[in-house]
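Going in written order, the chains are labelled A, B, C and D, and every chain counts its residues from 1.
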Amino acid sequence: MSAHTGWSREEMAALAALDILDGTCVNLGIGIPELVAQHVPPGRELVFHTENGLLGVGPPPTPGDEDADLINAGKKPVTALPGAAYFHHADSFAMIRGGHIGVCVLGAMQVSATGDLANWSTGEPDAIPAVGGAMDLVAGVGRVLVLMEHTTRRGEPKLVERCTLPLTGVGVVSRVYTNLAVVDVAARGLVVRRLAPGVDIEAVRACTGAPLIDGRDGREEGP
Amino acid sequence: MSAHTGWSREEMAALAALDILDGTCVNLGIGIPELVAQHVPPGRELVFHTENGLLGVGPPPTPGDEDADLINAGKKPVTALPGAAYFHHADSFAMIRGGHIGVCVLGAMQVSATGDLANWSTGEPDAIPAVGGAMDLVAGVGRVLVLMEHTTRRGEPKLVERCTLPLTGVGVVSRVYTNLAVVDVAARGLVVRRLAPGVDIEAVRACTGAPLIDGRDGREEGP
Amino acid sequence: MIDKRCSSAHEAVACVHDGATVMIGGFGSAGSPVELIHALIDHGARGLTVISNNAGCGRVGLAALIEAGRVERVVCSFPRSADSEVFASMYRAGRVALDLVPQGTLAERIRAGGAGVPAFYTPVSVGTPLGEGKERRSFAGRECVLEHALTADFALVRAERADRYGNLVYRKTARNFGPIMCMASRVAIVQARRVVEPGEIDPEVVVTPGVFVQRVVEVRDPADESALVREGRRYP
Amino acid sequence: MIDKRCSSAHEAVACVHDGATVMIGGFGSAGSPVELIHALIDHGARGLTVISNNAGCGRVGLAALIEAGRVERVVCSFPRSADSEVFASMYRAGRVALDLVPQGTLAERIRAGGAGVPAFYTPVSVGTPLGEGKERRSFAGRECVLEHALTADFALVRAERADRYGNLVYRKTARNFGPIMCMASRVAIVQARRVVEPGEIDPEVVVTPGVFVQRVVEVRDPADESALVREGRRYP
């Protein structure tokens, strides 16, 4: 099954956005997670935090209005909404580590059946190691959502029994949104909550490296 | 010898002020130390810190101009000078504990020959214990000066071999200004640097609870 | 829509439960959230642990809360002052317990609680009675003690301005413990002299970002606690 | 009179000695003190340990300092970016060492260094390669590691406005590491777009009080590092 079967990245982001309650303070990782900001359902207000010192991140500036002093953690130009606040790095990570950020949405290389996350290092010997704020986010934020393709480009499972790549955190992931499925990390294992249209659970199992419990509506009680 | 022989409190404060270098950031304890601010020698600029969140403390306000939101650590109304800054308590004690305040001037109940300070508790069983910021100041500030009467009201020495009262800090005092003498706490013991006019060193020794080395100008090398 | 505004001090403190740990801002009277404390007295919660720099003055504010018998334990640095007879008599009568903490250690333990740091080392209190029984360890030849984070269920804080997100600015030395207590409490309840529209507080000058605040109530003309004490007022 | 102003960036960094530990502010290009770094390159100090969030972009600023062979070790959280070839090649050639630190732990270690806290516990990095070899301890059932404070001989920081006391305000997300690096360094050297008279910065909005700053130099039109990188500039 191709990695691009099922939901698009935009659809994955929209699904994640649907799961974030009104009023939540949210940190979005670099990449696909950034799309979540564009899919906040009407009637909900989320406050976006960027770890480089801004609460109340707004949409990207119109071309020509970029400000080199106003960027997000991915170093892309952003704007600040009315009611925003700037602060320094120690205060910013006090928010993260202290449990004040309700949700973070991150990309991943691997997620294990027990919620371990690997998203910072390929483990290759010549790679330049770089971790950024990922370990702080997963240790401190209440609910860690992962947005990722279901498999690598080479078709290898990214949802695995145990991560083989260097870990970012142990037992930290709550829910995973892939192009194929929405999967909860529950005490009893990985529980499929939803499948992308036209996707069959056996096909998902075939490209998943850990047992999947079918927990879709009407099939089984939640964990 | 009466506790009020020798220098007045104002004179003691002026002597201490003379010893504080231009540009130093200074924290003044409650009581006699507060007088130091009025005796800064001409041509020197000191910045006064109060641990309740102000750097750049100015003189008391004129009567009628008091502001209940602008007080010092002794809860007395103060003013803020141009170039002042307000900050919260954790930042204020980061300044203190982090070694950013150059000098503090404190009152004392006892100072030992090795610079131990007792200034927060009478040790009486029915006393309400209260410590404030004294322990933080002596642990963090580079140079701790003590301003105190040479003896208690009952004539007991306050400069002693070992403190009998509960300690504020161990080996923290640099120099003591009493009504009778200026005394350094040196590696080899207490060294008299200066005597009040008309005061004899043997008379000072008689009301001091630890040996005094005569280190006045021309008599002996400094420690 | 995010709207942390409450219509009254009583509504703001209605969530405080018996047995709660409550941080109360202020240094002496500066920054003391008098109206919130009085609302808490009316509310009736009891068995409280209060974390505050002082233990109240006169017979209003925190002193009145203690006098009403609502406080089991006070964690503070300086419970003694010219006007602190209420605490003194309740303490001597064994009706309120005291944990005495050096002021900077108190502030740092509160900040640690808000910043997700469970414990830290500090040289403060080593060799003193307040350092006794604490775990010791030496760093670069300097003896230190281990101090644990303080957190609370609630904080009562006075600010100058707030918006519906909970962004705060303070006034002069009334700032003191407010910012770190908002950080360290599960529900930070703030009385502000003015509640303004989002954007009216410049994002560069926000002292407490709204993420640290859960409830905001406008109290336009807050009492000056030191004036109430001078006038000999009592509450209720 | 207290006057921390220097007449040039070169004068401001003249005190940096060989073998010094230097904190360098900025997150990517935002807040990067380009003029101070270039003055440091001209100055010639070598054998430096640099503490910074990143390891430079393009061939200007910190990247140029590294390329000039002046940096023995970098302590940072994210030395990799689209434009970080200089660090990558120097690192692979064994000419610069790397201590990789999670970003929040880096920030907290720097703050601890400035606040006189020698060490603290944090859950961050437990169970990961970056937690290996660290002392472990459990608090309230949560595994933590012990982290030690970071301090430096010097900090190079970019601010928006400063006065002769060293009071600083920053601009937007260029604030990032500046305030804590000023706290944690023995000599904090600051370039500010404007140096103003005492009192022109409202005491309520000062972000870095002057006590944390030792040297201030006005750089009216600081280079935008990201623009220099896009243009392919190099220094010297």
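Criterion: a contact is a pair of C-beta atoms (placed from the backbone, for glycine too) under 8 Å apart; a residue touches a chain by one contact, two chains touch by 3 or more.
It should be emphasised that the depicted structure is a prediction, and the values quoted were computed from it without experimental measurement.
A comparison of the A-C and A-D interfaces places the larger number of contacting C-beta pairs at A-D.
Separating the CA-averaged centres of chain B and chain D is a span of 36 Å. Spacing of chain A relative to chain B, judged by their CA centroids, is 56 angstrom. Separating the centre of chain A from that of chain D, both taken as means of CA atoms, is a distance of 29 Å. Each of residues 54, 80, 86-87, 90, 93-94, 96-97, 139-140 in chain B touches at least two other chains. For chain C, residues touching at least two other chains, in rising order: 108, 111, 115-117, 122-123, 170-172, 204.
Applying the touch criterion to all chain pairs gives A-C, A-D, B-C, B-D, C-D.
Interface of chain C with chain B (complex): residues 27-31, 53, 77-81, 84, 87-88, 91-92, 98, 100-108, 110-111, 122-130, 170-180, 207, 224-227.
Here chain C touches chain D in the complex through residues 108, 112, 115-123, 139-140, 142, 144, 148, 169-172, 202, 204-205, going by the rule given at the top.
Partner chain C is touched in their complex by these residues of chain B: 50-54, 67-71, 75, 80, 86-90, 92-94, 96-97, 116, 121, 126, 128-136, 139-140, 166-170. Residue ranges on chain A touching chain C, taken from their complex, read 22-23, 25, 45, 47, 49, 54-56, 80-87, 90-91, 93-101, 139-140.
The part of chain D that touches chain B in the complex is made up of residues 1-2, 111, 113-117, 163-165, 167, 183, 197-199, 201, 203-204, 206, 209-212.
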